[in-house]
Structure formats: C-alpha cells, structure tokens
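In what follows, chain A forms one complex with chain B and a second complex with chain C.
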Partner chain A sequence: MLVWALLMFSRPEPGVAPRIAAAVTLLFMVTLFYQMMRTYETHRWRRYFFAALGFLFPVGFIWELIALRGTMSIPVERMISGDTPFCFMVIPMAIVPAAIGRTVVFPGSILPTASNPHAVAMMVALWLAATLVMGKGWCSYGCFFGGIEEGFAAVPKKARISKIDLRWRWMPWAVLAAIVLLSAATLSPVYCSWLCPFKTVTEYPQVRNFETAVQMGIFVTLFLGLVVALPLLTRKRTQCSFLCPFGAFQSVFNKIGVFEVRLDRSKCKPCVLCEKACPTLSIGTDALESGKPRLSCMKCGACVDACPRDALVWHIKGTEVGAAPERARLLHLYSAWALAVMFGGSIIATSLTKLIGLVA
Partner chain B sequence: MKRLRSILGNTLAWVSLALAVLTPFLLLGWFQHAVASAGLRIDPLYTGGEIARVAQREGYRIEIYRPAPRRSPFQKIDPFIQMVWCPADRLPARVSDEVDVDGDGVPDLLVTFDSKTLAGSVTPRNTRFRAMHGAGVISFAELIARVNDGIVVRTRLR
Partner chain C sequence: MGAAGLAAEAFALGVSSGPVCVASCAPVLLPVLVAERKAAWGTGALLAQFLAGRLAGYLGFACIAWLLGASMSGQPRARTWAFGLSDLAIAALLAGYGFAMRRKPFEKACPANWVRRFAARYSSFASLCLGFASGLSLCPPFVAAGVRAAQTAGLPSALFFFLCFFLGTSVWFAPSVSLAMLRRLEAVGIVARMVLFLLAGYYGYLAVIALGRAYLNG
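Coming up: the complex of A and B.
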C-alpha cells in the first residue's frame, strides 16, 4: 500500500484532485485491511472495496469514453481503427480462433495505443498474473463487474427469494461452451455482441439498425434483471452464478491455485449458515460432505466469516486442513490485496479524481 | 510424503505472494511482452488485413488491402476487400477512381464517393466483387467511412 501510495503521489498529474483521490483511496484501503486484521473477517471488509470498485469503475470508464469520443457507444469506424478497449471477458472466446488462426476476434489492438490504452496484451497479462496468484479469487478481487452486483446483493438485510434451483449453477458452463463454439464458428465475440449485461454501464455498439437495437435491449434487460433486481431479491451474485461464462472459465483455475477454503468436518454441525452466506451457490450438502466448496468457489471468504464454529477455514493445498488456517488466510489475503490495491485501488483513485474534478 | 507436500504447498503459497508483489513492477511487463510476441494479430475482419499494394494518385494515394476471405461457413462478417484513400484532407470533393485490386494491370473496381458526405458506390468490373451503393456504414463488410486519416471503402467479395 505504501508503494502504491508513492506511485500515486508521484504521478505528474496537474491539480490537487488526483492527490486528494489518492489519499482518500489509501485511507479507505488501509482501513479495510486494518479491519480484516483486527476482526479476522475477510469477506465483510473486502466487500466494501469490491463494491466501491464495481460502482466507481464505470464512472472512470464512461468519463474516459466521453472524453475520447464524446459518447458511450462505439461506432464501426472506431472498431476498424482498433479503439475498442479489450475486456477480460473476451479471453475464453478468443482462445480457439487464436490457437487455430493466430488471430484475435475482437476489434481492439494487441499493444496499447494513444487512443486505446486497454490493449489485448495488457489485459491478458494482467489476467494471467492475477489468475496464477488467486485462481478464481479474480472474481472476488479483480472483476470490476462483480463489484456492482455484490454491492446490490449487500443492500437487503434478508433475502426475499431463498430457494434457488441448484441446476441453475450449470448455466454458466453451458453459456461458456456455447460462446466458445459460436465465437470460433462466427469469428466474432458472441458474448460481447449479444449477452454481456455490463455493456449497459461501459460501452456498447452504436445503435444503427434493428439488430443493434435488439442487442442493446438484451444488455439492459440482463443488467436490470441479473445485476440489479435478482441480487436485491436473493442476496446472491446472480449474474456470476447463472450467466457469467468467464466465471465458469475461471473456475478451472481453482484447480491450479494454491489457496482454497476447506471444511473441517469434525467441527461442522450442519447449520447451513455457510450455504446461505455463499454468494455463488458454491456450498451445499454435497460440498459439505466432500469437505470443500464446489469448483465455482471464488474465495470471497463469506462462508468462513459466517461459520460460528470455525469449521470452514482457509487452507494451503498440500497442508493439513485446519493446521494453520490464519497463516493460509493471511498469505492469500496479502497476495490478493497486493493486486487489489495496485489495480483496483488505481481504478478507484482515477474515478474519484474525475468525481472530485466534477464537484470542484 | 505428507511433510513434503506440506513444504511444497507452503512454498507455493509464498511464491504466489511474491508473484502478487512483483506483478505490477516486473511480471506484467514480461507477460505483456510474451503475449505481444506470440505472433497474434487482430482479425482482418476488423482491421481490414494487410496492405497488398499502394496506388499513387495526384495528391493522394489508395492503399489496397489483401482480401479478407471467408474462413468459416458461419462467420458473421461477409468476406470483403478494403481500400483506403488517404490523406483524407487532400482528397477532391468527388473521388472517382478505377482500382486494380490484384495488380494485373486491369481495373477491378470503379469506386466513386463524395469525400464530405461519404455517399458513393462501388461498381465491379468483374464477377469477383459485389456492387455497393450507399453512404457511411451499411455493415462491417460494406462501408464508406472516415477512419483516422483516411476514407475506408469496403465492398463484399462474391
């Protein structure tokens, strides 16, 4: 955090707004980290960071789009010149065409340019580094989209819909399989064109005919349904649980990540508080019997925080379950928080700078 | 064996921490370089592909790209050929050029457009290309559009 602060304060940006934004962000991140240390709770404090990231990312992003091109919509001319910012969501769709034809089926640029700093190589590199460190923890610390629905899910005290058919949890895998195949067949990023709810708060293709109008309608409907309404009703991250193909893709990397959550069955009296707390349907009877959450676990720590008997613990693969859970928690937290501060903190500070500039 | 696995697990956990700390300063740059040097390129269906030849005209030039062919029976964007008139600011108000796409000395297309309104047409001189009439962006494969310093014309292949 100190290094981040030095970097932020030494940036040659004019005005006092960037320094105020950096100071506020630093205070925010330090406070959250201190509380994580003091209370031994991870999810409770991480959630504030994640929601702030989720709600502030669109502010900075939209601001940048308006400054660069005067609109949130991206015209075909900008696509041809490679000015579409690359999003990590495209990665699973790009793999097959890249492997076969060495081409990226996305109208961006491989290396950063003046008109498109969010290039393919940079986003893939960031994703790769974060995935090696956190596995699916990306969905709890890195995904700025997830923060929006986590923010909405945190609003109600009690879920109005508590019974969810568990078969829905296979949906992201089905969407992943469909978009990988369709993207390879059509040589286009199908999810971005038709299904991404977050186009609503980032950028979207210019509405110029019936097809693009339908696409826009789908984006808004999915956003309002899965990112706003259902999280408010269920207290779950419903877009992540029922739609997000990147989340399903990222689940695979839980197999290679060294940190995980495990259940000490000798301590567990199945009160199912963990099941209720889990935002992504990753804990159920089968998971409790097997001693670990499902593959979709995004290591948010909600279940660990919720367990009154400390039966759910942080764990380093290869070590004995429950032997040194706090060491496992801290090593995971330091790693995830280091990346969260560097990247998420920078996004929060940049967006705050814009907001302060708007007010001042 | 148990102890060895434990040591390995703990070592990997510390390596993860080191990776996280080093990522912003070293690893991100290395990974970015690795991805960039993997020989990937943006699909020609979006960029138009590579320039095959340049035809000089008085005061401006025409960059003629390699055709972006059909590579999948289901591909969303029809195959097309891209040509760019540049610099756009030095074009006459009404552009009318015969373009030899394949360099065999015989014109393949007659391209005509208004450099201000971007309304125009492409008339094929053989059966390899489709005709186009309109203004601005009709689709990804059919358009007359200002992109950076040039005016891009795309017309569909048969």
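Coming up: the complex of A and C.
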C-alpha cells in the first residue's frame, strides 16, 4: 500500500483532484484491510472494495472514452486502427487462434499506444501474474465486472429465489467451449461481439445496422437479467455462475493456485450456512463430502465467514488442513490485497479523480 | 494435367488448408463427438460418420459447381442462399441432436409416431447429417477447391478432385478422436448438450440474417 501511495502521489497529473482521490482511496483500502485483521472476516470487507471497484470502473472508463472519442460506442474505423481497449475476457478466445494462426482475434494493439493505453500485453501480464498466485481469486479481487453484480447481490437481506437447478452451473463451461470453437472458426472475439453483458456499461460497437442493433439488445438484456435482476433476487453472482466463460477458464487455474478453502469434516455439522452464503454455487453436498469447494470457488471467503463452527478454513496446498488457518488466510490476503490495491485501487482512484474534477 | 497430377494438387490443397477446415467444422463436430461420452472406438465411429457425410456434401457440391459451369462464389445471391440454407440446416440438426439425446421431451410433446421413431433414432445418424451439412457450407478452402474443380475437364474430374481434397483435409481431423478421454468426466454430457443449443442459436441467427439478406436483395 505504501508503494502504491508513493506511485499515486508522485504522478505528474496537474491539480489537487488526483491527490485527494489517492488519499481517499488509500484511506479506504487501509481501513478495509485493518477491519479484515481486526474482525477475522474476509468477505464482508472485501465486498465493499469489490463493489466500489465494480461501480467506479465504468465511471472512469466511460469518462476516458468520451474524452478520447466523444462517445461510448466504438466506430468500425477505430477498431480497424487497433484502438479498442483490451479486456481480460478475450484471453480464452485468443489462445487457439494465436497458437494455430498467429492471429490476435481482437481489434486492439499488442503494446500500449497514445490512443489506446489498455494494450493486450499489459493486461495478459497482469492477469497471468495474479492468476498463478491466486488461481480463481482473480474473480474476487481483480475482475472489475464482478463487483457490479456483487454490489447488487448484497442489497437484499434475503433471497427471493433460493432453489436453483444446479445443472446451470455448467453453463459457463458450455459458453467457454462455444466461444473458443466459434472464435477459432471465425477469427473474431465472439463473446465480445455477442454475449458480453458489460458492453452495456463500457463500450459497444456503434449501432449502424440490424446486426449491431441485435448485439446491443443482447448486451442490455443480459446485463439487466444476469447482473442486476437475478443477483437482487438470488443474492448470488449469477453472471459469474451461469454465463462468464472467463470464470470457467479461470477455474482451471484453481488447480495451480497455492491457496484454497478446505473443510475440516470433524467439525462440520451440515447446517448448510456455507452453501447459502456462497455467491457462486461452489458448495453443496458433494463438496462437503469431498472436503473442499467445487472447482468454481473464487476464494471470496464468504463460506469461511459464515461457518459458525470454523469448519471451513483457509489452507495452503501441501500443508495439514486446519493446522494454521489464520496464517494461510493472511498469506492469501497479502497477495490478494496487493492486487486489489495496485490494480483495483488505481482504477478507483482514477475514477474518483474524474468525479472530484466534475464537482470542483 | 493427368489424374496423378490432379490428385496431388487436390491432396496438397487439402493438407495445406486442413487447419482452416478443422477450425470451420470444429463447432459442429466436437460437441457431437463428446456429447455421448463414448470410448475411443465409438468416438472414431462418430468421426467416420461425420467425415462420410462431409464427403457426400463435398461431392454433392462438386456436382452443383460443375453443372453450373462456374463456382457459386462468383454469384453473390446464390452464395448467400447457400450460406443461409446450410446454416439453417446445421442449426436444426444441432438443436435436434440436443433434444434427441434426451428423448423424453420428444416422446411427450409429439403425438406422431414417425416423429417419435425419428427422434429416437436420430442421435445414431446425427453425425452423418451434420457432416453433410458442413460439407455443403462454403468455408474458404472449400471455395478455393470449388473454383479449381469447376475448371476441370468434366464432372468425373471435378468429383475426383473433391475426393482427393477431402482426403487431404481429413488428415487433420484424426486427432479429435482423443476427445474420448473426456468421457470420464460426468459433466461432459451436460456441457456438450448446452454447447449444442448455444451453437444452434448462433447458426440459426446466421441463417436468418443470410436468408433475409438474400430475399431482400432478390
């Protein structure tokens, strides 16, 4: 956090707004981390950061788009010139065409340019570093889209829809398979063109014909359904659980990540509070029997916080389960919070700068 | 050019454009290969069915290309109709296969005996039908082969050219038998069925757009 503060305060941006934004962000992040340490709760405090990231990211992003282009929509000519900011969602779609055809199926640039600072190489390097350490923890600390639905999911006190057919949790894998196959066949980022709900609050192709109108309709419908309505009704991260192909792709890296959540079965009386608390349907009878959550666990810590008997614990692979859970939690938090501050904190501070500038 | 020269040219064209053929056909082929979680022999049989259907599609297209006297690629409207119809066929076949894998909805919903019988048996030859529909679609290597086939001396030469081209591209499909390894994963069947419906939606949309464009431009 100190390194981040030094970086933020030494930025050559004019005016007082960036300093105020950096100070507010720093105070926010320090307070949350302190509360995590003081209360031994992870999810509750992480959620404040994550929702702030989710809701503030579009503010800064849209602001930047309007400053650069004068509109949220991206014209075809800007796509052709490689000015589309790269998003990590493209990574699973890009692998096969890049490996087979040496083609990057995204209208962005590999290295940062003046007109497009969000380049492919930068985002891939950041994602890879975070993923190798945290596995699917990226989805709880790095994904600036997940925060929006987590924010909506936190609003109701009780879920209105509690029974969900568990077969739907396989849908992200199906979407992943479909988009990887179609992207290789068409050499285009199919998910971005057709299914990404977050186009609604970031950027979208300029509506020029029937096809782009249909695409826009799909984006808005998916956003309102999966990111707003269903999280409010279920208290789950429904877009992450039932659509996001990147989340499915990221699940594979849970096999590599060092940190995980495990169940001490000797302490567990199946009260299913953890199952209710899990925002991604990663805990069920099968998971409780096997002693660990399903592969889709994004290490948010909701189940650990919810367990009244401390049966669910943080764990470092290769060590004894339950031997030093608080040490495992702290080590996980150090890496996760470093990502949260460096990446998410910068996004929050940038967006706050714009808002302060608007007010002042 | 002699038969050997023509065969070598077609085979070389097939081998060199095989990866593009695999990428074009993979969205249709791969979900079918994993959906029923068969062992290597069963998956190989499904692949053989698909390739046989694809060969029939190729030869059928070769006849059309030669009989028209020129490649369809030179006629935008005919090409759009062909695109639309092949996409529509693929969408219907994929969705039908997804339903046929769980026959109960058909048995409940369809009163006609022949529909029930067809649905019950469809999954056993869906791979063949999908191969045929894929064979008729105009992927870039296929158009290149079609143009060359149309320039040959006669219909038998055009058919022979497509046969050799098919053999060249088929080399690249063989590794997909290894997908049989996925059958141990319980969720593979569910995921594959979902993929079938997603892809059916995608091809259905493409078909509607292409047919609408062909009709309006008519």
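To be clear about the criterion, the second predicted complex is superposed on the first by the 360 of 360 C-alpha atoms of A that agree within 3 Å, B and C clash if a C-alpha of one lies under 4 Å from a C-alpha of the other, contacts with A are read in each partner's own complex, and residues count from 1 in each chain.
Here, a residue touches a chain if its C-beta (ideal position, glycine included) is under 8 Å from a C-beta of that chain, and two chains touch if they have at least 3 such contacts.
Only a predicted model underlies this, so the values are computations on that prediction, with no experimental measurement involved.
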First, second, both or neither for A:Ala185, with chain B first and chain C second: both
First, second, both or neither for A:Ala213, with chain B first and chain C second: neither
Which superposed partner A:Ala177 touches (first chain B, second chain C, both, neither): second
First (chain B), second (chain C), both or neither touched by A:Ala328: first
Which superposed partner A:Val133 touches (first chain B, second chain C, both, neither): first
First (chain B), second (chain C), both or neither touched by A:Val258: first
Per-residue touch tally on chain A - higher for chain B or for chain C: B
Partner chain(s) touched by A:Leu224 [first = chain B, second = chain C, both, neither]: neither
Which of chain B and chain C A:Leu358 touches, first, second, both or neither: neither
Shared chain A surface residues [contacts with chain B and with chain C]: 101, 184-185
Residues of chain A defined as touching chain B within the complex: 75-77, 79-82, 97-98, 101-111, 120-122, 124-126, 128-130, 132-134, 184-188, 193, 208, 257-259, 316-320, 328, 331-332, 334-336, 338-339, 342-343
Sites on chain A touched by chain C in the complex: 100-101, 167, 170-171, 173-175, 177-178, 181-182, 184-185, 190, 194, 210-211, 214
Complex contact set, residues of chain C against chain A: 19, 23-24, 26-27, 30-31, 187, 190-192, 194-195, 198-199, 202, 205, 209
Touching residues (chain side chain B, partner chain A) in the complex: 2, 5-6, 8-10, 12-14, 16-17, 19-21, 23-24, 27-36, 38-48, 71-72, 74-77, 137, 140, 143, 145-148, 152
